[in-house]
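Letters A, B, C, D and E mark the chains as written, and numbering starts fresh at 1 in each.
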Amino acid sequence: MSAVLSVRPAILASIAAALAVLSACAREDAAEMPIEVTEAAREAATEPAGQAVYRTGIFAEPISRNYWSFYGGPAGSVWTQYVLDGYATTLYGYSDRRFDWVPVIAADFPTDLKKETVDGSEFWTTEVPIKEGVQWSDGEELTAEDVAFTVRTALDLGLGANWARAVDTAFLERVDALDSHQLKVFFKTIDEDGNPQTPGLSVWQFGLGFMPILPERYWAPIVEEAKRAGEPQQQIESLFAHVPDGEPTSNGFTFSRWEAGAFFENEAASNFFRKGAVITQYENGALVETNERLGQVSTFYGEAGGGKSLEYEVGPHASSEIFSIYGNQDAAILALTNGDVDYVFNPLGMERGFQDRVRAAGDLEIVTNPDNSVFYMGFNVRKPPMNVREFRQAVAAVIDKEFVTQSILQGSALPMYAMVPEGNAYWHNPDIDKIGQGLSRGERVERAVDLLKSAGFTYDQEPQIGEDGNVVSSQGQGLKMPDGSDVPGIELIAPSAGYDPLRATFAIWIERWLNDIGIPVRANLAGFNVIVDKLFSDSVAEDLDMWILGWSLTIFPDYMESYFHSRNAPENQDGGENWGGYANQEFDDLAFGLLSETTIEGARDTVFRLQEFLAEDLPYVPLFTIPKLDSYRPSRIEFPYTDVLGGLEGLNGMQQAVLIK
Amino acid sequence: MQTDGSRPLLRVDGLSKRFPVSPVWYRRSNSFVHAVDGVSFEVARGESFGLVGESGCGKTTTGKLLVRLMDPTCGRIVFDDGDEGPVDVSTLKGKPLKRFRRKAQMIFQDPYESMNPRRTVFDTIVEPLKVQRMGSHLDRLDRVLRMLGLVGLTPARTFLFRYPHELSGGQRQRVAIARAMVIEPSFVVADEPISMLDVSVRAGVMRLMEDLAARLEIGYLYITHDLAAARHTCSRIAVMYLGKIVEIGETETVLQSPKHPYTQALLSAVPVPDPTVTRPPVRIRGGVSPSLDPPARCRFYDRCPIADDFCRDNEHPPLQDKSSGQMASCYRV
Amino acid sequence: MVGYLLNRTFQILLTLFVFMSIVFFIVNAQPGDVSNVYALNPDLPPETRERLRDLFGVNEPLWKQYLVHVRNTLTGNFGVSFSNYPRSVADIVMERLPRTLALFMTATVLSFYLGFALGKIIAWRRGGWTEYTSTIGGVTLYTVFTPWFGLMMIWLLGFKAGWLPIGKFLDPELWRDAPTDANAVFGMMIATAVAASVIVFAVFALTKKRRGSGAALIRIGSLAGSLLVAVGIWLVAGTGYLAWDIIRHMVLPVVTLTLISFAGTMLLTRSSMLETMREDYVVAARAKGLPEKDVRDRHVARNALLPVVTSFMFSLAFAVDGGVIIESIFSWPGMGQTLVSAAVAEDLPLAVGAFVFVGSFILLAHLAADVLYVYLDPRIRY
Amino acid sequence: MDVQRAPRSVDHSLWRTRLGLAADRLRENWAAFVRARVGVIGLAVIIFYALLAAAHPVLMSTVWDESIYDPVVGYSFDETRQPAPPSLRHPLGTDPLGRDILSQLMFSARSEFMLGLLAAVVTVCIGTMVGAAAAYFGGIVDTILMRLADIMIMMPGISVLIVLSALIGVEHLELGLIIGVLSGFGGTGVVLKSQALSVVVKPYIQAARVAGGGPLHIILVHVVPNLLPLSFLYMMFTVTSAIFSEAVLSFLGLLDIRMSWGLMIHTTESAGYLTQVTEAWWLIFPASLSITLLCSSFYLVGRSLDEVVNPRLRRA
Amino acid sequence: MSERSGDAEALGGGRSPGPVLAVEGLTMHYSTRAGVVRAVDGVSFSVGKGQALGLVGESGCGKSSLALTLLKLLPENAQILSGRILLDGMDIVPLPEERMREYRWSRIAMVFQAAMNSLNPVYRVGEQIIEALEVHVESAREESLRRVRELYDLVNLDPSLIMRYPHEYSGGMKQRAVIAMALACEPDVVIADEPTTALDVIVQDHILREMKNVRAELGMSMIYVSHDMAVIAEVSDMVGVMYAGRLVELGSTVDVFRDPIHPYTRALTSAFPSVTGEKHELTVLPGEPPNMIDPPSGCRFHPRCPYATDPCRSETPPIVRRGGHWAACWNPTGEGA
């Protein structure tokens, strides 16, 4: 980037000179214009143009190619994630399709946690072996030192966002490189208040284990330089501001060219350690990775045997990948159907109209997958009547999610009852109370009225159901709270149709249905920022009634603790996300236990119980999730598999595995 | 016509108006156009006093100063119509100024522009009465109708609700006169009231103004570039040149025996509607020089056919009595 | 003249300062702040959010932010973009600027030319069918719902007919191995255009007094010559194919922009012509026995040009504004798109920077219009 | 206009005479307006949409079932697949959310008119007062007002609105006010000021001053009425820009409103039908064309009014 | 221009063999929305070589329209209904526009009413004169410039002003420049439409004298159009009085002024105050100039005429000849009455 940057003042100066009409002459301008070329581009120019180009479309500009910045928040956009996917590797990762926890550059699973006293302090420790022969794109070996350096940098500079999650200072003490291929991790055994603690799954396996590893040789001088920058925030800024030209990568691709506003290109790293590795999954659950380059065959989760459910060769098979940047989804889809690109990244899912267009194109394949997200309606349970559980249940009962998602939204959304989406199959609890599911309109209203009355609410006039049982012929009037006072006007704040028609549609219908049973709700369709601002304001406890928003979720569902544990209410913790102020001791204990849970099975048990609890107590009414649609041109590219939670897009377009025909 | 013993209706004393040239908001201008420069004269009750000169000589500015459409830079304008004591108009403000406006009115040159195109004849004429809160609604209607009759727009009722574009130039000027006269002022500034009218209606309007003046005892300041018109209207005239009065006196005297070389030139340049008469050529060069920061010498020096070194080296000559009340400002006469 | 320009420049700087302040406070008067942009990321701990706030200086009191803003703006430092952190605003603006300039200068010049030519004709032949059709057609295009029209153009010419590329400003596969980056090419294109117009303008100015076929020959020659020289330079430089690629991608947005904006100039020219046609010097020109074309072009159109030129300068300045829609529709990453995305992402420094930039651009256009006016209207001398 | 008129008597009350006069003026101006032709086409379109807007509540309370035809929460249960193409039941089809497009179109027409009217009235009020005050008082008042106007003019309209609507909740009311203020203080104010400048130097203003009229009297009685025709013209242009801005902002999804033409396109766009010109034309054309037609109609009416109020453009 | 002075004939004395310009029964109407404006209605006169004709009348009487008709410089809604305009015996009425252009300026030139408005503000004055020259005379630029210098000499303008813009000229200078422009192609006839109306008397005096001198020097014919009787009296040999589109009296200036036949002419001469001589009572004409769309029947002056009788109201008045002039009147005034 710096080479590109240095061109600009020259251009500017020449434009200024020309505009000032100081007898500018074309010849001189052209001659004076220094033409500089990025290193990568020069190299690319000398190579024969590769035929196997993975041509994809994105519809916003990536923010930065500085991985620290991307992972540290400011550049953490989904678009940056796509283009940087081929740069960094982790110790561990999810297995294909099944999301099992498997080693990536770790040679094996870590040793079990054990208590160990070092220099007088007690720590939980574990050791991780690193694969031999893993190379950075410049040919150097990736070592344990690189991992230790990355962790050290994140700790020293106090990096936030995903770094803070991966390197959780509440638990992590330090990471040492015992030798070039052996890593030792130290966790704290007691928290700040002196209570004993255990680094659970979310801290260790799905936390530090998933941390991207950056090259020490390249970054060490830059980090040292940054540390001299003064205040902590200036140090971070200095690090983030660095333009990583010539940075070696450890995943399948290296940076080639970024024409701002037009395209981003990566080229395949010829010495990617996994290139040519064959991944095999067996129906009995065993996973085998055969890596000839490293001369290793790794087998996890049982012995290989029986039928293969998946087998493919890791690439990159493309010599280069181009991310074409479009201004909007329409343009990107038009380009896809027009043959300009073969795959379009679609983080918001592809709407029906686009599906029609893609289908009409004939030569494009559409694959549909469940998504790992939830769109919900939340209650401020601090205020009456939202503090009454039956009230919340009554509200949930009248909301006909199937009608809205299937009839009105024509299947562009899927109804949801549990806080963990169905697609996240391992963690999803299917056996929870689904209030109102399958009932007719009349039955829903009756159920809601019963619930309300059971909690002591009274009506001046109950809602009347029409003869066919599907229409409310007269709305309920004069709903009174158990203490006899009128139910106050309730505001349902939700994103406007301009921001998200799905949520706006839900809000409008919910308003109508709640009015039917006499609950004086008014839907306030507002801009996204207005809603967010309300949630983060100091007076959220007083001002908020009900709101509709959505979460994009992680596979490991520790988010339920973040959203509903009373310690995360804004009044208890600045910036907490439990805006509704949900506080239930039983739930708190359960949720906190999840954080320290070290076994997958134990965690699953807890997660199931949490979902049951939430489905009955309903601090949120989960409304819907969206199906993830991906479309690509099968005549040009082929994926080893396409059925996966979150879709191809969730796998960043499978850049290392896609086959170019 | 200024009678001894009685006070004049209006006495102007050293009246001046300077306009700063292209003032820039952050700097005070030090360059001025001397539009009116130390002008003094008197107008008696019921007298018609003429102010003549070429365009740009400051005659219209003087008129506007007298009715306080502009604020004078310095000088006094003492007005005394006998109702109240004499007032110095040049510094009036607020209520007293509004009261003064009942007594002094103005008639403008351009009959096409002096009526608001969106207002009817009635609206136009009644405006002074309304603004001055004079009379009830019916009174006003009555006065307007009477006034229309007086200015010869009859039958008055048919004219009440006409718009300006439905009237001819002469009719419009009559409406303008009616507007000026409807509050019965004692002093009217008439700025070239006939110069834009058709020849065949000029006489009528001139006659009308004379009649009204006589009937209502109005003192006129009659501003014109047309010496012939001034001769027919005014008892006394003053000739202005570049903001200064260069000659003043009884009309007939001034026109018959002009003293100042400028007056002489002006007179000799007027075309004569008689093909048998051949006028002698005018002796001065054409074109009025701009009055921007004039040098201290005689304003007429640049064009004067008889100027000498004395005129160049001395101040602008004061008005001097040249013959029985006829005053001129020239060293050489 | 110099004094006037100085005075005017001072006035403009003052206006710019007020503009800048207003923009700053408008942008800051809104409730949200940067930490909310990351607020819905469940992985983000609150301490991090607080640190981000510190990082972006939004924890300082407003007046302090303002003082910093003023100081920075005066030194050309618009701060660091939130949404493109840690790139500086100036850097982003400089990256987007040439693209916007190239697109809108072309389109504005074309639409101005088309509008002026049409306006001349319909004013001269008033009341004919030409007038009604071009008025109604022009106004319809002028007020057409731009996003829809843009997409229709893409759909029709780009997609159905396949004549022109769909969106974007270059073909990635062509540019993968390009020896230079797009902004350098844009810069050179703009420089070429400016230089060529300076030469042509100079030739026209020099031959202004000449008449007859000789002058026409010189003019056409200079036009063709500068075109040839420009093409030659590009060919020799070896980047000609890149410039051609950009031009190919520019056609669709330029045509669209021209179509939606020419009517403004056309109608203005028409009223201006109709007013000028009543002037006595037009009758005098006819009385002199000048051919109708000379009367129209030399006397009516030349004088009617004055107000049109002012509006031309304004429309150049407002290119950025109008670009908001066209740039998004045509995936043209210029100032307009930048402004929208900055606004949507609540990227205060970028939004303010882009605004101040647009404002300065408009003020410069004012100044340029003043100077041009002096050239066109000899009555104006300061 | 040298039309001689039959003498009018004052026998009946003054106001009736005045009404008659007003009617006469209206007739004359109407004649001039009709001669400009294009304005009549514009007016016809505007009336068409006004009728649509007026008909909506009537239809909703008579023949249209609210649960099906409500523009926001209606749902067409008859169609199995949404969006459904035009049918007898839904003359313009349904949108991706199963709502009747004709009903949306008619409902939105009303809000477009309200928005346009609000913006126009604000523009005219501010524009005339700013223009008249700046021209009449001159000096420091003029300087301050005109510098402010410069800034307003400099504000890149659409961009300002985009920023504002992204940052604060903007609905029709706010939008109308913002556009009205921007246009009234900016462009319209400046144009009206130059018109007012030509008015304040007229002798009849001086005559009014000589009569004793104060600034307020002169501005209200003499200056403002002479600005009204021109401001009426700019009203039309403001309506155009208000409707256009609303559509663009809705299209970009920046307004917190439940239904408008722009939002209809946005719904179409976000559902991915915007580029399916032949397959889903009923989603694309009604709203887009309505925006275009109504905007250009107001613009054409404004243009024709220009021919009426600008004497220099009048034909012989 | 001394070599041309030999051609010049004595001022006002020359009655050349045939008229340079003869107008016969010229009728020109404008069609407007309000109706047909009979701007010029059956006007006939002729101008001999070197002669000066003055056309006098009030605003709206059709005198300026007549001037424009002579050059056929009419707006689209105007139409010459009948009559002939004979230029050296050739009728230019049926000439197509292309041919007509050759006649303009080279044969008939015009000095327009408001000089400041008939110069294009964005071009240098010299360029505008050269422009007129180049259309009609093929000549090198240097040649044209020399000619402009000659013309400037002729009208007493400083040649250094040639390459200045109109706004740098004073009113009198502009008027001179416009006159110079009219003379550029040495036309046979120059029409001067209110040439001095906007000028101050002293400047007016200078201009009028110069025009007289130039006419004498170049021997061209002139038509003065003015509302000012005094100006006409001073500059013209012949005078025509127009009222409501018709020529009501025509004759030698001396005769018309000394002994007007038509009551309107009489009223005009006596309605005009004089600065010298006896101060006489001004005649006040009642009424207003007529509406040209629906002019009075018979004699158009009858509603304002103090001598009007019945035939005046219904029938077109006969021509009354007396001495060197004639008038159209039923009740002629003056000596013969």
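Here, a residue touches a chain if its C-beta (ideal position, glycine included) is under 8 Å from a C-beta of that chain, and two chains touch if they have at least 3 such contacts.
Predicted model, so just to flag it, every value in this text is computed and none were measured.
J.: Touching both chain A and chain D, which chains are there?
T.: Per touch definition, common to chain A and chain D: C.
J.: What chain pair has the highest count of contacting C-beta pairs?
T.: Chains A-C share more contact pairs than any other pair.
J.: Farthest chain from chain A, going by the mean of C-alpha atoms per chain?
T.: It is E.
J.: Distance-wise, how many Å sit between the C-alpha centres of chain A and chain C, to the nearest whole number?
T.: Measuring from centre to centre gives 40 Å for this pair.
J.: From the C-alpha centre of chain D to that of chain E, how far is it in Å?
T.: The separation of the two C-alpha centroids amounts to 52 Å.
J.: Quick one: report the Å distance separating chain C from chain D, using the average Cα coordinate of each chain.
T.: For chain C versus chain D, the centre distance works out to 27 Å.
J.: Where in chain D do residues touch two or more other chains at once?
T.: 1-4, 166-168, 252, 254, 274-275
J.: Tell me, which residues of chain B touch at least two other chains?
T.: Expected reply: no residues.
J.: List, in ascending order, every residue of chain A touching at least 2 other chains.
T.: Residues 330, 334, 529-530 of chain A each touch two or more of the other chains.
J.: If we count contacts the way the header does, which residues on chain D are in touch with chain B in the complex?
T.: Residues in contact with chain B: 1-5, 7-10, 17-18, 21, 143, 202-204, 206-213, 217, 221-222, 225-226.
J.: Okay, in this complex, where on chain D does chain C touch?
T.: 37-38, 41, 147, 150-151, 154-160, 162-164, 166-168, 240, 244, 247-248, 251-252, 254, 265, 274-275, 277, 284, 288, 291-293, 295-296, 299-300, 303, 306, 310, 312-313, 315
J.: Which positions of chain B touch chain E when the two form their complex?
T.: Within the complex, chain B contacts chain E at residues 54-55, 168-171, 198-204, 206-207, 225, 227-229, 231-232, 252, 255, 265-276, 279, 281-282, 284, 286-288.
J.: Provide the residue numbers of chain C that touch chain E in the complex, in ascending order.
T.: Counting only chain C, the residues touching chain E are 209, 211, 279-281, 283-292, 298-299, 302-303, 376-379.
J.: Using the touch rule from the top, collect the residues of chain E that touch chain B in their complex.
T.: These residues of chain E touch chain B: 58-59, 170, 172, 200-206, 208-209, 227-231, 233-234, 253-254, 257-258, 267-269, 271-276, 279, 282-286, 288-289, 304.
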